[in-house]
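Just below is one structure, and these are the notes that go with it.
All chains are identified by letter, namely A, B, C and D, in their written order; residue positions are counted from 1 within each chain.
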Amino acid sequence: MLDFITPFLVNSAVQAITPILLAALAGTLCGRVGVFNMALEGQMLVGAFAAVVGSYATGSALGGIAAATLATVAFSLILAYGVTVFRGDAVVICVGMNLLASGLTAYLLRQMFGVSGTFSDPAIVGLEKIRIAAINGWPVIGWIFSRQTALTWVAWILVAVVTVVMFRTPLGLRLRGVGEDAEAAETMGVDVTRYRIVTVLVAGAIVGLAGAQLSLGTVSIFSEDMSAGRGWIAVVAVMLGRNHPLYAALACVLFGFADAFSVRLQGQGLPNQVTDVVPYVVTLVALVLTHTKRRRRQDPTITASP
Amino acid sequence: MTAGPVVTPVAELEARGIVKRYGPLVANDRVDLVVARGEVHAVMGENGAGKSTLMSILYGLQQPDAGEILMRGRRVEYRSALDAIAEGMGMVHQAFKLFNSLTVWENVVYGMEPSRHGLIDRRAAIERVGEIAARYRLAVDPTVVVGSLSVGVRQRVEILKALYRDAQILILDEPTAVLTPQERDGLFDVIRHLAADGRTILFVTHKLHEVMTITDRVTVLRDGRVVERMVTAETSPREIIRAMTGRAVNLKVEKAPASPGAPVLVADDLTVLSDDGRPLVDRASLTVRGGEIVGIAGVAGNGQTELIEALAGLRQPFRGRVSIAGQDVTAAGVDAHRVAGLAYIPEDRAVTGTARAASAADNLAMGFHRHPPLARGGLLDGRALAAEARAMIARFGIKIGSEKLAVGTLSGGNLQKVVVARELTHRAPLLIAEQPTRGVDVGAIEFIHSELVAERDRGAAVLLVSAELSEILALADRILVMYEGRILAEVDAATATEEALGLLMAGRVQEAA
Amino acid sequence: MSDVARPMRRLLRIPPVPLAILVGVVLGGLLVLVSGGNPVEAYAAIVTGSLAWDSLPNTLNWAVPLVGMTLVAAIPLRGGMINLGGDGQMVIGGLVAALVPLYLPGPGPLLIVVAILAAMVASGLYATIAAWGETRHGIPMLISSLLLSYPAIGICSYVVGFPLRDTTTGLAQTPMIPEAARLPVLSGPLNAGLLVMLVVAVLVVLYDRFTVGGYELRMRGLNARFAGYGGVPLARQMTGVMFASGAIAGLVGALIVLGSQFRFQDGALLSPGYTWSGLMAALLAGGEPLGAILAGAFFAALQTGGFAMQRETSIPRVLTMVLQSIIILFLAIRHGVGRRRETR
Amino acid sequence: ADPKLVVFVSPNPIGVNDFLKLAKTGTEKAAAALGGTAKAYESTDPTTIRQNLEAAAKEAGVVVAVGFEFNDVLPEVAKANPETKFLLVDSCPQTLAPNIYCSVFREYEATFLAGAEAGLTTKTGKVGAIGALDIPFLHRYTDPFLAGAKHVKPDVQTAETLWIGGNNPFSDPARGQQRAAVLVSDDVDRVMAAGAGSNGGIFKGLGDLDGAAAFGVDVNQCKQAPGAVMDNVEKRTDVVIEKGVAGIAKGDQPQVAALGLAEGGMTLTGLEAGVAASGCLIAEYPEALAKVKALRDEIVAGTLKVADPMQLAK
């Protein structure tokens, strides 16, 4: 089984994880301030689309990243203001946002570029892969980090940054408080609405990066609904990680490697309909394992009745 | 008279003509309040009189529709609590505003964290919190997680929060509602200490003896208006009540001696475990007979809640038996308990006892909705539901426009009446009443107490859990004291004293004897 | 309040749903206009393409599964729960409904009944796994129901892709079910599935309004602790609700297979996205069944009209997706739709 | 019905699929040749296929449909609309009506040639294939590819075919890239890319192995990923539809037309004129091309039989 793990595979798994990881990070940020973000799928799609548009228009990948960030932040305004100032239900808003993202990107794709489905053009500049000769030869580290885009590096650095900010800084303490009990935070003079709005928007910028990685990092192409469920996996990772950036990252890694493993299984002749299910089953198992211990801690009214 | 500097008495805090409306309802109607430096000032009034509203305006949580606030003679305007905190306001809410997953020190410094190089300076924070705690004799370990603390300690954390911000004026909204007599006395010590330190205390409560003990002056609200200002030393409880309610209220519970009948609730060797396997209720046995009121006294967090949940079927006991009216209901769910004869007034009316967004009719049906007259063969009788609700609203004097309206905006006392009405109407053989008068005004307390006694006299078995010793002493025929999950002692109500019970509640059996 | 705000406020006094639709239509129209299309033409095409006499059957035909999936979402939502696993449950129902008449002997009408019931039971049971996970292990149903969808889809896809594939075609699909086991045609594209769904919808509304179970579910949705305190067996209720929700998803799959496709075709049940449209319709009504059904029917008309618009004008039908999302977003933020789910 | 209106009804959204785009172009050209107009109706599932087909049958003189998805409904709709002519591309229903015409392709012949190119040009000696979805139809692109490579280079190693799958198999370039990475990690340097909208990812993924190249489908994809595409299996859907509609109009269209290398329905970019400018890598391998041309001639002459992986049970 270990011979499945080849440098290429690890490398490509890390690459495939990046958008999910970025989105999951954004999800934990939102979760920490008490906004359950189920719109990651749609935000990622908007980011992917804007990244391609930006890269195409400016002729630089950086332009693409900037466009992705801006567009996703703008898109996230709906969630940020929707759940705070307008006091809407997060689930409803997120479901609406996902649909809007899917419809709007498809619509704009047709109207802006006259194509439907897939948009690829040599003018779309993808992200460079960073090759560091020094680490290329090292086992494991080299496999993981050589030939990755800057966004993959950013993603893992952000995991560390978010963790430190969340648990070691005044800002993080406030965010955690806002998420745990908004009313209590309010009485301590913390402007809950503002913290939530800013956090959701910052998270939006991070999902924008996820979208840029998806469309510019791996392929330099936009295709309709190309987020293809990755945002949902990120939502699952957030819940599995209980809004903790490190655990959420761990969940992403678990899913990513289960996914890479499933492709390998396909190579062994198993039908893809069956192997496709592997990462989801692995995630479900992880979900069960992480929950069996906490079984009795839940609300007594739930476990009542024989 | 000796010559000295002429002191114009500038009030520490003054509110002038405060008006706050919620739609058509005027919660505060041109309220004037003057509080002097270093005094303990009581704000009293019935449920819904506007006390909490006024306090949240003074603390910047809400903006008044009209009126102004002056601090030491200077006009201030608060956009948020932050502004009020900056002016030296501090507030301890009745429902604690604490983050249960965070430690004491994190709760205290929240929003005003000491930092170094952008990171929280944990050591400085703990040190500072420890210092303040020591200075005001608030025994708290700064490093423990708040979720694991008892109610009394949590309250100290709340006070610490205000002191950490160097609050000059401290608002305490019903601070003693959940304290034992000893804890309450400890709190009063702290309050005296603070006042001596030159700090000002605004004290919201429904308890007259506390007002008489600790406060210097009293302002009474009724229907959002100030109806009376009094100096505590020159008034009496009777006068305050008259000011609050506009009538005389009988504070003494009238009841004849009990004539207990057959056992209705029998719990035998009941053990309830926590998640990590600790016993929360430890081999508790008790019997409640028809026609008697059994009180359970104890400091919150000593297993009363879990015991009641196990008795009501909300929680599975680990070991032991429970029977209601002869029926074994140990492993059964709530519905089986209700069928066997349980009526149950839960501790928390807003979270457990009602659904805010549901109509009064729906709220008043819950628990009895499966059986005639409300339902037949799985079908709900909407007309019966409405008729029953209207009858209860009338009989219990619930202040609500119609049975079709949601109960979400009722005041605490009225909401409690909804719960009491529902649980008493069906004449169940067993009534469990948990903190039935918490946060309820004197008028309503009188009413609820007399209803409980009426239940007993009708022959029902009543199990009363209350943190309010005076309530237990007034109502119960027998008193059980719970300590660390065990039923530590049974005391005859006729001979019990507050002091002895207080010692038992603290687990000091020898001294109490 | 400034003077400028006053006419605004008067405008906002229009009942929320028509206002939301108006906002959606205006914003959608602007989108069309900006991209060089004619909004009036587009909307005319949508309306005639969905509500004109000869397009009405198409709309109704589309509404049957969509309203079905609306109920799938609305029933748990009424109790404050969310079932995101509709896709998997519908697919299981579709496959079972195709396999019964293919591999069981018996007279056609009996096969139809057995196929529908088997589909409902299979899907219902599958849906209860998620409920069991929450009641037994505290695994949030929101995510387990979503995750459980993937294995269901994968396995069904495998079954029709390999062991039970119709080898006379190049697609992953079962053979055609016998004529006798197909739902009777009412007229045009409409079949008896319409009547079945109508009955189910009425039953759900009646259950919600007039039964003890309906009351208990509503109360749970408003405050689950309160319901538990009142004697509602929360665990059993959750299991029952998920069974009902899953069973209706199975019914939808079965009606499509037995009524219009006559075989189970990999992916065909999922590509129209009934599950998400249904979820949106249910959210729009906060789980209230009658409102949800109306919202579902409205979406069905909009989507059917969208296809017609794309045929008539060159405006892509994704415009109707944009319209739907604007309507739901507007309602959510303007009137806090769905905010009634108080606890968790 | 307007006899000069030609409507193309697609089984899936046209967007992601180059092949459906070709069909749309073909329909437009055919309509232009007739002096009429063309329309395209996009479907997503059996219900909308039926709706679109019925709407088209009422309006158009000729309806062009593409794919197996029409097998069930077409005979029914054709019977109800005897005036309208139907051209079904890529598939043929079991019961034909007089107004139904079929054009089916022998994709496997061209794919076999692509495989031969792969066998002749591979440096690592390993070839493989990636398809969007494991359905029999797509095996026409994967199996003959491996067979072709084996034919010219019996000791070539063939990797297990990988499928993109997932939520969006025809439009998930990232998953395509991931699968390419797996093949690359096994040193496979010639890959058939039958992933429709996911192909871009496959091309990108092969960039990680120096000298690796893919084979595109349906249209010339060489320019889309310069240096990554060896050649393309072109399916001349546009030509077939153009000719088919014209034939139907003239009345000389056979009811069932099977199109392979011989008929010009299938080809490789490398076998056509303008290879040099195509941007395809195969232009740099003239000897290989020469051998492949010889193979093509054998197939056309019938001396070399290529197995159809989709031998449907009759």
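Following the convention adopted for this analysis, contacts are C-beta pairs under 8 Å (C-beta built on N, C-alpha and C of every residue); 3 or more make two chains touch, one makes a residue touch a chain.
These numbers come from a predicted model, not from an experiment.
> Count the C-beta pairs in contact for every pair of chains, then give the pair with the highest total.
That would be the chain pair A-C.
> Where the centres are mean C-alpha positions, what is the separation of chain A from chain B, in Å?
Chain centroid spacing, chain A to chain B, equals 45 Å.
> Calculate how many whole Å lie between the centre of chain C and the centre of chain D, each centre taken as the average of the chain's C-alpha atoms.
Computed from C-alpha means, the inter-chain centre distance equals 35 Å.
> CA centre of chain A versus CA centre of chain C: separation in Å?
For chain A versus chain C, the centre distance works out to 27 Å.
> Taking each chain's centre as the mean position of its Cα atoms, how many Å separate chain B from chain D?
Measuring from centre to centre gives 75 Å for this pair.
> Could you tell me which residues belong to chain C and also touch two or more other chains?
161, 225, 227-229, 233
> Multi-chain contacts in chain A: which residues touch at least two other chains?
Each of 106, 116, 271, 273, 276, 294, 297, 301, 303-305 in chain A touches at least two other chains.
> Where in chain B do residues touch two or more of the other chains?
313-314, 333-335
> Okay, what are all the chain pairs that touch?
In this structure, the chains touch in these pairs: A-B, A-C, A-D, B-C, C-D.
> In the complex of these two chains, what residues of chain B are touching chain C?
312-314, 333-335, 337-338, 344, 346, 351-358, 362, 365-367, 369-370, 375, 378-380, 382
> Per the contact definition, I'd like the list of chain D residues that touch chain A in the complex.
Listed in rising order, the residues of chain D that touch chain A are 13-17, 133-134, 159-160, 162-168, 171-179, 181-182, 184-186, 197-198, 200-201, 204-205, 208, 223-224, 226.
> Quick check on the complex: what are the chain A residues that touch chain D?
Of all residues in chain A, those touching chain D are 6-9, 11-13, 15-16, 19, 106, 115-118, 120, 122, 126, 147, 214, 218-221, 223-226, 228-230, 259-260, 263-264, 266-269, 271-273, 275-276.
> Sort out for me which residues of chain C touch chain A in the complex.
For chain C paired with chain A, touching residues are 31, 34-36, 82, 133-140, 142-144, 146-148, 150-151, 154-155, 157-158, 161-162, 224-225, 227-229, 233-236, 276, 279-280, 283-284, 316, 318-322, 324-326, 328-329, 331-334, 336-339, 341.
> Any idea which chain A residues touch chain C in the complex?
78, 81-82, 86-89, 91-93, 95-100, 102-104, 106-107, 110-111, 116, 232, 235-236, 239, 271, 273-274, 276-277, 280-281, 283-284, 287-288, 291-292, 294-295, 297-299, 301-305
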